[in-house]
Amino acid sequence: MTASPNLMSNLLTILIFLPLAGAFALFFLPKENGRAIKHFTLLVTLVEFLLSIPVLTNFDGATAAMQFTQKFAWIPQFGISYNVGVDGISLWLLMLTTFIMPIAVLSTYAAIEKHVKEFMIFMLLLEVGMVGVFLAIDLFLFYIFWELVLIPMYFLIGVWGGERRIYAAVKFFIYTFLGSVLMLVAILALYFYNYKVTGVYTTELSALYNLNIPVKMQFWMFLAFGLAFAFKVPMFPFHTWLPDAHVEAPTAGSVILAAVLLKMGTYGFLRLAMPLFPVATFDLMPFVTALAVIGIIYGALVAMVQKDIKKLVAYSSVSHLGFVMLGLFALNIEGIEGGILQMINHGISTGALFLGVGIIYERSHTRQIADFGGIAKIVPLFTLIFMIVTFSSIGLPGMNGFVGEFLIMLGAFKTSQTATVFAASGVILAAVYMLWMAQRVLFGKLTNAHKLHLTDMNLREIAYMAPLVLFIFWIGIYPQPFLRKMDASVNAFVVQIHAKRQAAIAATPAGETLLARYFDVRK
Amino acid sequence: MEPILFTLFGAIAVGGALLVVTRKNPMSAAISLILSLFAVAALFVLRQAHFLAAIQVIVYAGAVVVLFIFVIMLINVPENRLPVEKLTVYRLLGVVAAGLLMIEGAVASRNFSAPAAAVNEAGSVEAVGRALFTDYLLAFEVTSVLLLAAVVGATVLAKKKI
Amino acid sequence: MVGPLSNIHEYLWLILAFPLAGVVLNGIIALVAERPLLLPADDHGHDDHGHGGHGDEHGAHHETPGYRKLVAFIAPAMIFAAFVVALLSVIQLAQMPAESRTVVQTLFTWIQSGGLSVSVALQLDPLSSVMILVVTGVGFLIHVYSVGYMSHEPAFARFFFYLNLFMFSMLTLVLGSSYLLMFVGWEGVGLCSYLLIGFWYEKDSASTAGKKAFVVNRVGDFGFLLAMFLVFWNFGTLNYTDVMARIPALQHSGILTAGLATAITLLMFVGATGKSAQIPLYIWLPDAMEGPTPVSALIHAATMVTAGVYMVARSNALFMLAPFTMGTVAVIGAATAIFAASMGICQKDIKRVLAYSTVSQLGYMFLACGVGAFTAGVFHLMTHAFFKALLFLGSGSVIHAMSGEQDMMKMGSLRKHTPITFYTMFIGTLAIAGIPGLAGFFSKDEILWKAYSSSHGSPVLWAVAAVAAGTTAFYMFRLIFLTFFGASRIDKEVEKHVHESPFSMTIPLMVLAVLSICGGWIGVPAALGGLNHFEKWLEPIFEGGHKAAAVATEALSHGATAAVHGAAAHHDPMEFILMGASVAVALFGIAIAYYLYMVRPEKPAKIAEANPNLYRLVYNKYFVDELYEWLIIRRIVNGSVWLWQMFDVQFIDAMVNGVAKTVRSAGDETRKIQTGVVGNYAFSILLGAVFIVGYLIWR
Amino acid sequence: MMEPSAYLILSGILFAIGAVGVVARKNALIILMSVELMLNGVNVAFVAVGSYLGDPTGGIFAFMVMTVAAAEAAVGLSILIAIYRLKETIDITELSVLKW
């Protein structure tokens, strides 16, 4: 690749703002011409994806430093700068976002008929926010993008959703917004604390990482940040917005929601909550781990008894994201790499599941499991792909889900054996709910054929499912390229938080309890 | 001399004001308003603000109140359709609150004292005119715009059909 | 050897590559050629052609499409190629010195993260060589058989796609050089088992059985996974060779205690009970008979279900360190053997009898492992693969002849119609019953003897196993008598079509029959004057375990290993007595079967009538399925519904909505301040002014 | 010479009386007149303080207030006329469209 150095240094900025330019350009397309609008959006997202490939190929996996950084002052009075960069942690999430967007757009070709222009503008705005979140290395900038994501998704659900779309959209918005507000408070507190200590106003992450925040303060800030991210992930018991949002959202919305938006929560933990507040991270680890494990089992159990396929997949997300959280909070390389990989895996597998549900929903206009049965006979190709995706979601070796889950549980096992034992039972339950669903939808006697109007996948659908299936196998069989790119960053991350924690322990008087540290309770 | 005249015109102004807020018939209230305004104009004279006193009479008594009277006659609400107003707790509370504000105003102005050698020419036509066309020229011009807007607005609002 | 094949071990990967090529080719054919077939243009595709094996009633043979011929060639050919490579590899392995008979071929690094580094690497050693020969050999025969058996199946290519995928997974399982790769194969065969059991997915019972198999296997995998984690965090590796090599050091440093070994091995054994259908996870295997019969033969008799035994044998060094686990394995094995055998007595479905028999025989293998006689376990694994595959294929041939009928009560006198099937099956039955001279006798007898004589064994285990052997002989001969002898109870309509199967099916039967006779001769025990090549072949694998156990018991190397070998070499007269006893028990079982089903055929029904409750209990498999259903599944489902409806919706969501409602109603109340009357607003302003001025004055 | 506070207190009284009229009356015409009263009260304060300080600004402010008062009266009364045409009432308690 002979990209000019100029392009390289501006690449991330281009990636962030290209969709914005696309959205702006969409204003000038006639709204009657839905086809053209769809094609144009697809083109924009494809170009975005192609532009993100140089980031991947030129990314140096040997260093933990931020790469492709670009920085200029934005509000210098407050020390706020436009500052973007990518490292081994955000790299794959960026790639996932740019990869999943064209697929999501392609999936709307038949599904979205009304207000196509507005839909596509929101899709592109959403991409701006998502890419921005993963690339921002300035706290303020991060927050801006973080909030920016909410608005388009709110409209995607609220305008193009199902019957209870308004309820779902408002619930989604308020739920996640509540968390964001808490985070904003913590950001301000951190900002002023940093000023107090260093005398400099800055929101730059690299500067804030170096702070030695008092443990008590860490505790509360971690809670504030953590809550914001936990809402987004979503962790048990803050998950109830997810099934509603997923069920009501249009297919493309569900795909993006599952594939990328949820990852923003886990990414937030990794980028902000954990490295900024390492001591609190360690001290609250058992608590988070417990919630993660509860989420795994709870999500699986509740998914098992759902009657709506989309809701089932939504609850399965709760379970899978529980695995991701378990891995991240294993706080060792295996767990965190597994966690990051599992974020990607979940994006691919669950995204594909939602696409699959969308394919049959477009034809039959029902998502009730009971309405289907035996459709394998009339849609064999769909069945094949859906089963591949199902098994990927179950975590069958040779497919992507296994590598992630295995690393996660391997890592978590070192940290907490009990948690892992329970988490591993989630593996059993995953097989139960996915296969039960597959059986009831795909297999058995074909009873409802005339009502369902099912036809097998068309070329367009094959075109967007095929890359997902490819990656399902690629990550499953040869995950090395994926793992190697994140090695250095994850290594540095683990070393850093462990070192900080050790320092904090050394600074703590012997015999002081956790409670004492946080609540000034002396024995 | 000033205290006597002040007391006299002050009493007329307050009395007229009281009549304004207590009359049931708007026409009586309007007439009482003229009384009060004239008394205030007299007070302005007492403070050597001749220009403002003149304006007070011309603009207020001459224009504004006349406008009121015109409107009263124009819409000509029959006596029996005037709002019935009884003494309620809410009204009393309003009186109490206004009284409190008055007391607070009195307390606040208690310590106000003028500089010893005050030039009492500030309110003269010349002084006001000079200030108006130098320092406050922009404000003056903007005022004219405001009045124009009011004229247009009033016309548009009061028209039956636009 | 010379030439390009001078070192066949460099081509080990071919053993996997051939079946994989089959998978790809058959998959493409299935997608391209068969997909349009499945799409119903109109309703004519809707009639019930679910059972491929008995499509005769469809009448006239259509011209076999070309792609079917292609599939019929590719699938067995690939397996045969793999078999050839496997055979050559093993021959070369045998030429190497006994101590160095471990060949590892690393293909590429699979997962590397932190301390974990797992390569995709193949390991050929005596144990895996036995396994690959059995898997590819028997697998090839069954592929050939399937070509005939499935000839009427519309989804012909899909079937072989699955079957080749299974071979690939199974070979990964046995050839993988680390626990993780074993797990890959382990889950892979589970997947294929799921797909093949549910092959006729339109039958609800089939897809349910497939799902059940997968889920129950997953329960076992749960244990396997945890065992792997324990191994990794204590040994720092998942490779067999490294794990084995590190045992002494870890024992020395006190990390590898009996407790840890027990934990690891018990968890592994949980995995084994799932895969190899032992108590309490055996329940999926009988249901797995919903799959096509060749599948039952290949997966649910000869190969996949023995994976648990392979795993235990593979980890023998760890198991030997955990006496408690050994005891558990032995007891579970013995209990499964007798329990499953008793369930086999009353079954009417010919395949279900064989299924319970398989469970029972697997119990023997675990019993062997549990008493430390891993060689005997693996030996029985091999002979069982021969005769059980034979029996299943034979039953398939019977079913084929009977146009899909599986109920033995509707058979009888088939001997005349299907002589080849009869004779081969009869040989298989003799073998499983433990008649001296046939394969089953040697392996089973060795297990019985070890159950008695080994330091881990006991007379009780022997007695249980012997009774189970007698029971086995009884129900297997019951099967033979009911099916092939006596008066015909066949439907008149069906009887017209009864015929011997084509050669593609009978030849594999004959080959397997030969193997069922001779297969045991390589392991004739020394007591009978044999050389027991088999034990010598596997010795390098199992001596590690004995050494480790010896270290654990502080009785240092030479004494203990000598003792173990001494026991094998020592000719105990007891061995002959017990041998005789077990043969007698088997003959007794056969005699009872003869009496009940040949001499007095009306008697069994009477016995059943006389003990209705007992009969119901046994016939319904002790209601274990129902117990699980009631005790576990119903609880979990109801609990989940509760969690969803009550906890999720009524509690969490109610709280969320409650907050929203509170805010809303608060707004509802406060908006009433807005009266719309100007004076009231003015009053608020006035009040505000009062307060602000008041504050400014008196602050 | 008069104490300046006397003017200020008078101003306060006029303002308060006007305020009472605004708050307590229902007749829209009277409310508008009361507003004029309040403005007048304020004017008294402006003029008095301006003259005591010898600063013409007080007068200027009073002048501005008067202008605004005139404009306000004109617009307010025309609104009143429009409302009366529409609703046939000048009772502000009946003009509560903005309620809730």
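Some notes on this structure:
Here the chain labels run A, B, C and D in written order, and each chain numbers its own residues starting at 1.
Just so we're on the same page, a contact is a pair of C-beta atoms (placed from the backbone, for glycine too) under 8 Å apart; a residue touches a chain by one contact, two chains touch by 3 or more.
Since the model is a prediction, treat every value here as computed from it, not as a measurement.
Central chain assignment: A. Criterion: smallest distance from chain C-alpha mean to the mean of all protein C-alpha atoms. Chain centre most remote from that of chain D: C (centre = mean of CA atoms).
Computed centre separation for the pair chain B/chain C is 102 angstrom, with centres defined by C-alpha atoms.
Averaged C-alpha coordinates put the centre of chain A at 67 Å from the centre of chain B.
Centre-to-centre, using mean CA coordinates, chain B is 6 Å away from chain D.
Rounded to whole angstrom, the centroid-to-centroid distance between chain A and chain D, based on C-alpha atoms, equals 61 Å.
Chain C has residues 679, 683, 686 in contact with two or more other chains.
In chain B, the residues that touch at least two other chains are 90, 94, 97-98, 101, 105. Taken together, the chains touch in the following pairs: A-C, B-C, B-D, C-D. Touching chain D in their complex are the following residues of chain B: 2-3, 6, 10, 13-14, 17-18, 20-21, 23-24, 26, 29-30, 33, 36-37, 40, 43-44, 47-49, 51-52, 55-56, 59-60, 63-64, 67-68, 71-72, 74-75, 77, 81-83, 85, 90-91, 94-95, 97-99, 101-102, 105-106, 109-115, 118-123, 127-128, 130-132, 136, 139, 143, 146-147, 149-151, 153-158, 160. The part of chain C that touches chain A in the complex is made up of residues 31, 34-35, 38-40, 45-46, 108-116, 180, 183-184, 187-188, 191, 194, 198, 201-204, 207-208, 210-211, 214-215, 218-219, 221-222, 225-226, 228-230, 232-233, 636-637, 639-641, 643-644, 648, 652-653, 656, 660. For chain A in complex with chain C, the touching residues are 171, 174-175, 237, 239-241, 298, 301-302, 304-306, 332-334, 337-338, 374, 376-378, 380-381, 384, 391, 396-398, 402-403, 406-407, 409-411, 413-414, 420-421, 424-425, 427-428, 431-432, 435-436, 439, 442-446, 456, 477-480, 483-484. Across the interface of their complex, chain B is touched by residues 679, 683, 686-687, 689-690, 693-694, 696-697 of chain C.
Remark: chain D residues 19, 22-26, 31, 92-93, 95-100 touch chain C in the complex.
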